[in-house]
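Lettered A, B, C, D, E and F in written order, each chain numbered from 1.
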């Protein structure tokens, strides 16, 4: 089984090597936990470490902000876009009328996959993606079509998912059952401290480490510590 | 009463010998716990240990992946398929239009049962199976028809079920009440450790061991330890 | 007030003697707890200990299985059926089309009551019985009609009810409020052990013992220990 | 303000003397706690201790059973019915077609109030009473009409209410907000013991004791101990 | 900012002086906690201590009962009604047909405000007020109209609200968000004791004391102890 | 990335400098916690400390009250309105008919942005804003249009959000997922004390301090203590 490495420190070790190729993987977590950083790092590492092009499909933000957020970690996404290694396919939900040109990237996902020969996809976020459609049935059909499209194209995909509850417990939705894998990013509170934690919940085809590990947003991106224990969990 | 052995280490001991023939049994659990491995091991053991053919009916994945996941445990499912001992009947939900040939196995469940003279069936998963239908009534009718079909054919069946809650508590649904037996696979957390646990909740016609036991995904498949106690439960 | 004894060890003692004649009593519990065994033991004891004929009305299973499960406890139900002391009225919900002859007993409840002069009735289960009908109103009407029918016939009735929650707490439904009595069978967990517990919640017309008692499924059937305390509750 | 005494040992003391005349009071509790006994004792005491006639309006049971349950406490309700001091107005919900004569008392509430000059009314239970109507609006209108009818007639009324949750917490419904008073009867569990408890939650116009007190079903009826503390609550 | 004093012992001290004029303030609490007493005391104090007329608008009870409840605290509301200092505008929900004259006060809120030159209003209760209307939209429109009417008239208003949960936690509804202030009256239980507690949750324009204080219903009305600590909370 | 400072003591330090320009940020919290004060202080500081004009868009209150509340902290908002540095765009929800002139500011948001060249916007509150629309779809469309309008205008925006639960846990809604940042203001209770707490949950593009800090409403406005620990959390 061919494995796709995320290149994010500590993550591949937790995954038992990486993500099986053509998997669709949920990256689920509360607001502010670092899901979008995690997802962009996966794309950027694909280009710079593994020579795989990648597409960041966003319904949340505009390209210039996404580029700016990446710059803060020293990732020169703009260069990779010029070199046709990365494409940002953007259709922010608050620009749904499409009139304001800067909101839309003017390229479909399919066109972008073909143009840059993409091997990695991020959908940020599947939660807002579903908001684009009126009823449950059309949401499900469009989600299934998206999954089919990226699998047919041979891509390995992360779908960012917002978690509705602020607690550690999570109610699983359609997107969790449809995915081949799931990673959970969550806040663990101890007294006044909020600590980022990481857990691989599921990954078909590899032997994962299911334990909870501390995670940080460093100056160079997301870091998971696969041999450490979250401080907030030591006396719980 | 004729008993069908799973052959999974520790499981038949917990079941009081095995599963009464023609039973329909729920294998319920959270994402990533190992339900699909458990189900395939049941099919593979049927062929290799008990000379019973089996069908793996999936609405979750494509045959080549299912075969690859099994290979990781050293189970040569491909050989058994060639020998007409195992059949994978696949109709992944994300390939519902059926146009892409690789998604569908091109054979109905009834045809496969007859062709290989199947005695064991797996439905992976009843949760996504229900998603195929538009309303509650047609879901129930199709589920009842499936149960009737496999019972009429004299098969003993596992139905994999996704658990919506991440907690230990479980809300029972239609499929739980319709089943003759139920096995629960769940994560038990102690501090930062997530430990796999196994429990037989119900099995009509045999005397089960209702206690909770540790479970592992080893290199050769699922293992339940019927005489051990989960570490995560010893000081709770 | 005339009391109907269950004959199940420990149960009549908890009931203050037995069940007032013509009562309709809920036997509620989680999957696998032993509700069907409890109910069949009530019918079998009626015939063998108190000379009262009884009917086991099932929407869950086929007669041959029900007979086999009883045999495992040494109860020769088949003989009592031949002697017209017991009747199994079966219409399993998964055989709703009625075409497959073995699913249906070909006799209505009313016909069976008259034929064997039944004094005891079991409905296994009221939960699936309600699934037979499309909407809440027709479910309620059919349930009320069933209750009226058995009361008019002078029978004393147990209605087996599936409990949707796996926790000790229970949300009361229509059937609980319509019943004259209620017995609760539930799992009490302590660390890795799951212990069967018994509680009489309600019985109109008698003075019950409302405390929780340990219950077991022995080789000869259900046993309640009215003078013991569940181990799992001693240090909670 | 004129107070109506219940005559149930301990209860009037908790109420600050009794129930203000023409009040409508909810008696709420879990199945089996003793609500119907409590309510019949209120009616029977009215006749035998305070010379006030009373009506027991039931949608749950038939008169002969209600009389039998009362007899078990030594209350000769049958005599009071003959003397036109008590009337049982019965329309059990499972006899809704009214064809079976024994189910219905053949007299309306209004006719019974006038015939025996009733001063006390019991509705057992408001929960099933609401089941008689198809939608929320007609339930509310009929409940409001009932309250208006008994207030206009100058009666003081208890409405028995089933509590849907088995826990101590209670979700308040229409009937709770519409009532002038509320008494709560509930089970308090300590280890394996279930202890009956009593609490006056609300009574407009009098100064209540809001604390929780132990309650028992003795051989002569309900007893509340206004100066004792429930054992189950002493070390919680 | 002009402040309106409640005159209820301890309350104005918790409010930082009083309620800003023309505010609409929720008084929320469980059944029986003393909300109606609190509200009437606010009206009665307005007349007797601050020379401000007030209206008690009730959809819960009839004027004669409201007057009687007030008399129990020594408040001669009847005299103030005769002197046109207090008006009771009553339309009890159980007298919705309006035929029975005693249920309705025969005067609209607007007429009463003008007649007695009202400066204080009580709506008892906003919960039942909403029940008067068929759907959410008409409930909201009528509630908004009520708020606008009393603000336009320059009145300072308390809206009594029933709390649906018996627990300390509260789910905020429309009326909570629409109000300028909120006071919470709740039961705090310690073992068998139920203690009344008071908390100012919100008051726009003043600096409140947000801590929890004990409250009592004395012989002369509601008393809050702003410098004491609830006994039930000292060892929690 | 250009940062907009709130100027509220302690807040910018928690935000890692400030809010990235053109962000839309949720300020979420329970009733009474100080959200409106927080929001007005952001606008007032914009004018007086950073020379940026600001608009306070309210659907909750009338301008004169908003000005009065600000005066209590020594903020002369009236002067800034005269100098066209601040605009209050008011359309209180209880004045929806618009007839009463004082309720409406007679100016649209777009007109106000242009007139005073606004760089900062407050929407108080997004919760009631959504109440203005009849169904979920029109609520979402209007919310998306608002977000687009303020982003297109280059403004940095706070949206005040009411939290429905009184507990620390929060269920995330549309507005939380649509926002670029989120700050949480909540009550932390210890025994009888209610302490204000502050937490930055999310802010795209900056490195936040995710820990919980004490917050106070002082005589001069909101103060967050970025180096202190909430007393109520030290022994939890």
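One rule holds in what follows: a residue touches a chain if its C-beta (ideal position, glycine included) is under 8 Å from a C-beta of that chain, and two chains touch if they have at least 3 such contacts.
Only a predicted model underlies this, so the values are computations on that prediction, with no experimental measurement involved.
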Chain-contact steps, minimal, separating chain F from chain C: 3
Partner chains shared by chain A and chain B (touch criterion as defined above): none
Same-site or different-site touching of chain B by its copy chain C, using the half cut: different
Most remote chain, CA-based centroid, reference being chain B: E
Centroid distance [mean C-alpha coordinates] between chain E and chain B, Å: 60
Chain centre separation in whole Å, for chain F relative to chain E (CA means): 30
Rounded Å distance between chain B and chain F, as computed from the means of their C-alpha atoms: 52
Starting from chain B, with chain C taken as the next chain, the full ring order: B, C, D, E, F, A
Touching residues on chain D, where the partner in the complex is chain C: 30-32, 36, 61, 65, 68-69, 72, 93-96, 100, 125, 127-128, 131, 134, 162-167, 187, 189, 191-194, 196, 217
Chain E-facing residues of chain D, complex: 1, 20, 137, 140, 144-145, 147-148, 151-152, 168-172, 174, 176-178, 180, 182, 199-208, 210-213, 229-230, 233-234, 236
